[in-house]
Amino acid sequence: MDHASFIIGSYVLTIISVAAYAISIVRRGRKLGAITSDDDKPWI
Amino acid sequence: MTSRMQTVRRVSLAVVRKDLRIEWSSKVLLNQVAPFSLVIMIMFAFALDNEGILQRVAPGLVWLATLFSMLVIVQRSFAVETADGALDALRVAGTEPLGIFIGKSLALMVQLLALELMLLAIALVLYAVEPTAMGYAETFATMLIATIGLGFVGTLYGGLGAGARGRETLLPLLLLPAVAPVLIGATRATEAAFGSGGAQSSEGWPWIGLLAVFAGVFGAVGALAFGPMIEE
Amino acid sequence: METVVELSGVVAVLSNFPALAGIDLVVHRGEIVLLHGPNGAGKTSVLRVCAGLLPIERGEGSVMGVNLRTHRESVREQVGLLGHSNGLYLELTVTQNVSFWASTVGATEQEVALAMQRMKIDGRLAHVKASQLSAGQRRRCALASLIVRRASLWLLDEPHAGLDTAGQDELDAILQSAVSSGATVVLASHETQRSRLLATRVVKVDGGLISGSES
Amino acid sequence: MTTTQSTATPTTQKLGIATAIAVSFLVLSGLIFSAEDVVQGSTVRMMYVHVPSIWVAYLAFGLTALCSAVYVSNRSRSLIWDRFAGASAEIGVLFVAISLVTGSLWGRLTWGTFWVWDARLTSTAFLFITYIGYLAVRRLGGTFTQRARRSAIMALLAVLEIPLVHFSVNLWRTLHQKASIADPNAKVQLDGFMLFTLFWGLVSFSMLFAWLLIHRQRLMALEDAVQDQGLDRAIQERRTEAGR
């Protein structure tokens, strides 16, 4: 494949940045979920 | 409804007179903002050290200098209101927000127009621009309509900075992207008027139309949104 | 008796700090209520809540029948607030300031002249810039601007501060006459001697709460 | 993992697994299974991440505007609309950033340069800046209702600002200087499977958006709840001052 570094690079970049964002959301969610009561979590 | 319009008229007249009086007695525009924009124009000449380039980009430089100076004027316009809690007093007095918006916009427009005329004169001298008679007419039309739009949008975003105290630093980030259409439209129209880069003066009028749309949209939105914007 | 101010369990927040921690306060028409307490007790915030400036975070409140939670903007036409700051434009002269406030409410030239005369800022001071006034003179100027507003609820924050004895007497007389013509006054002060004589009721504020009252 | 502790529920877990599978298939399909374009060659593979990213960004900003409008018009002033608007804008900013970066990489391959002052690129850059400003306004502090009202106004202003900027930038590039760069997508002749891959990209990124949005919105509710707890504690502390 021509230009493999650019093409694979953009796939990797996209996936890594979204994954990093998703992981940070989930981790912050767990951290705050532990110190809040279930009344504050209407989705349960 | 008519009585509300009368109130709006009365309040906006009072506000515009008050703002211009403050400017008249403090001379901030004359003593600080005008020299600042002069410095910008001279610095541009240093940065773009080439007569041909300067003539070509003169319209853009005039409008960039206008926008940067506008940030200072808008901040000043609302600093006056918050210095001794006058904005609080206006809000408590239940002063018609539409009247405040129109009044402050008008005062801003007058100041901007004065500044633009000065910048135009500087550009004519320093950047060796020579418009035709038609070109002058087009330049003044551009200035007038662009200034109306800038006055509305500057007052609208300035109100946010004042309502949220101490957050004036946010103003450039919010205001500059919003006035991008004015920068584009006014620069192109002025280019046509100046004949920069071989532009024909007839090419300017569609851009003036764009400026008029901008002024209309932000005038209407500002009338609706200014009241909630200056609330805490 | 007609209720003018009614606050119950009001919590108000100033950038994450609970300035009011659950205030209960009822004020009837014709009263002169003195809010008394140490610095930072929440007196100013009570006045700002009543003026519809500070939003209510928890609890309920109404002023002259207007719900402060939902319509705090519409209460303002009927209140006059004199805060810590005077709300003056420092670059304008005394007359220009008072006239500006008068023109926003549609008061006449005559009313302006009368108000300035009452606060004794008409003669020589009339054409002095506000930035060159002493603290007491600025206070007089702000009071004159307030008089032309013809409010039916007066909210005053440390109104006597900075005024000389003559000015304080004049202020007291103005408040008395406003009350006798149907207005209501709430004032906050930690300098109580003078205010106590004026007030019909004293309410103690501390820690963002009402901690007691005396008649 | 106990679900009561976090922002996840069985539904979002299922959605998350489905999204992961869908995105994995997109990567395989985009990089390996799909054919190369006649004109663009392998660089057409950039399209399968670039186009879905900008699609998600538009979706997100549209949702921000919609939720802000609902917040403003709804009498109940429910904060959930504000949270959805804020969460959506944050995700939108992330995806605009991704599409700007992937787009300029793609541009380097097809145009030979990372950036051109093309109408679409320029107005996308303005879109990015405008919503960074929106997020800054959200962080101004104050109470939740103050935040909600302020940011709802900003979001609705952005809705006006974006078309104006887009329109004027378009006019700038068409009237002023004849556009020298054609749209890269226009040159592409998509065969059936390439079209399917692009479509798959749109679907899987939309699922990704939904998953992120739900979690971010719930996280924001938790953040608000923590701030509220702080307020409760502060009120208690404040009340004890009165005893002294």
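We just call them A, B, C and D in the order they show up, numbering each chain from 1.
Keep in mind that, in the parts below, a residue touches a chain if its C-beta (ideal position, glycine included) is under 8 Å from a C-beta of that chain, and two chains touch if they have at least 3 such contacts.
Being a predicted model, the structure only gives us computed values, none of them experimental.
Undergrad: Which chain maximises the distance between its CA centroid and that of chain D?
TA: C
Undergrad: Round to the nearest whole Å and give the separation of the Cα centres of chain B and chain D.
TA: Here the centre of chain D sits 32 Å away from the centre of chain B.
Undergrad: Could you tell me the distance, in whole angstrom, between the mean C-alpha positions of chain B and chain C?
TA: Taking the mean C-alpha position of each chain, the two centres sit 37 Å apart.
Undergrad: I'd like the Å distance between the centres of chain A and chain B, where a centre is the mean of that chain's Cα atoms.
TA: Distance between chain centres, rounded to whole Å: 43 Å.
Undergrad: Hey, how far is the Cα centre of chain A from the one of chain D, in Å?
TA: Computed value for the inter-centroid distance: 14 Å.
Undergrad: On chain D, where are the residues touching two or more other chains?
TA: Counting only residues that touch two or more other chains, chain D contributes 141-142, 146.
Undergrad: Find every residue in chain B that makes contact with two or more other chains and list them.
TA: Residue numbers touching two or more other chains: 231-232.
Undergrad: All pairs of touching chains, please: list them by chain label.
TA: A-D, B-C, B-D, C-D
Undergrad: Can you list the residues on chain B that touch chain D in the complex?
TA: Per the stated touch rule, the residues are 156, 160, 163-164, 167, 170, 173-174, 177-178, 180-181, 184-185, 188, 203, 206-207, 210, 213-214, 217-218, 221, 225, 228-229, 231-232.
Undergrad: Looking at the complex, which residues from chain B come into contact with chain C?
TA: Counting only chain B, the residues touching chain C are 7, 10-11, 13-15, 17-18, 21-22, 25-26, 80, 83-86, 88-95, 99, 227, 231-232.
Undergrad: Report the residues of chain C in contact with chain B in the complex, numbered from low to high.
TA: Result: residues 51-55, 73-74, 76-77, 79-81, 83-92, 96, 100-101, 103-106, 129-130, 145, 149 of chain C touch chain B.
Undergrad: Using the touch definition from the top, list the residues of chain C that touch chain D in their complex.
TA: 11, 13, 15-18, 21-22, 55, 57, 206-209, 211
Undergrad: Inside the complex, what are the residues of chain D that reach chain C?
TA: Residues 141-143, 145-146, 227, 230-231, 234-235, 238-244.
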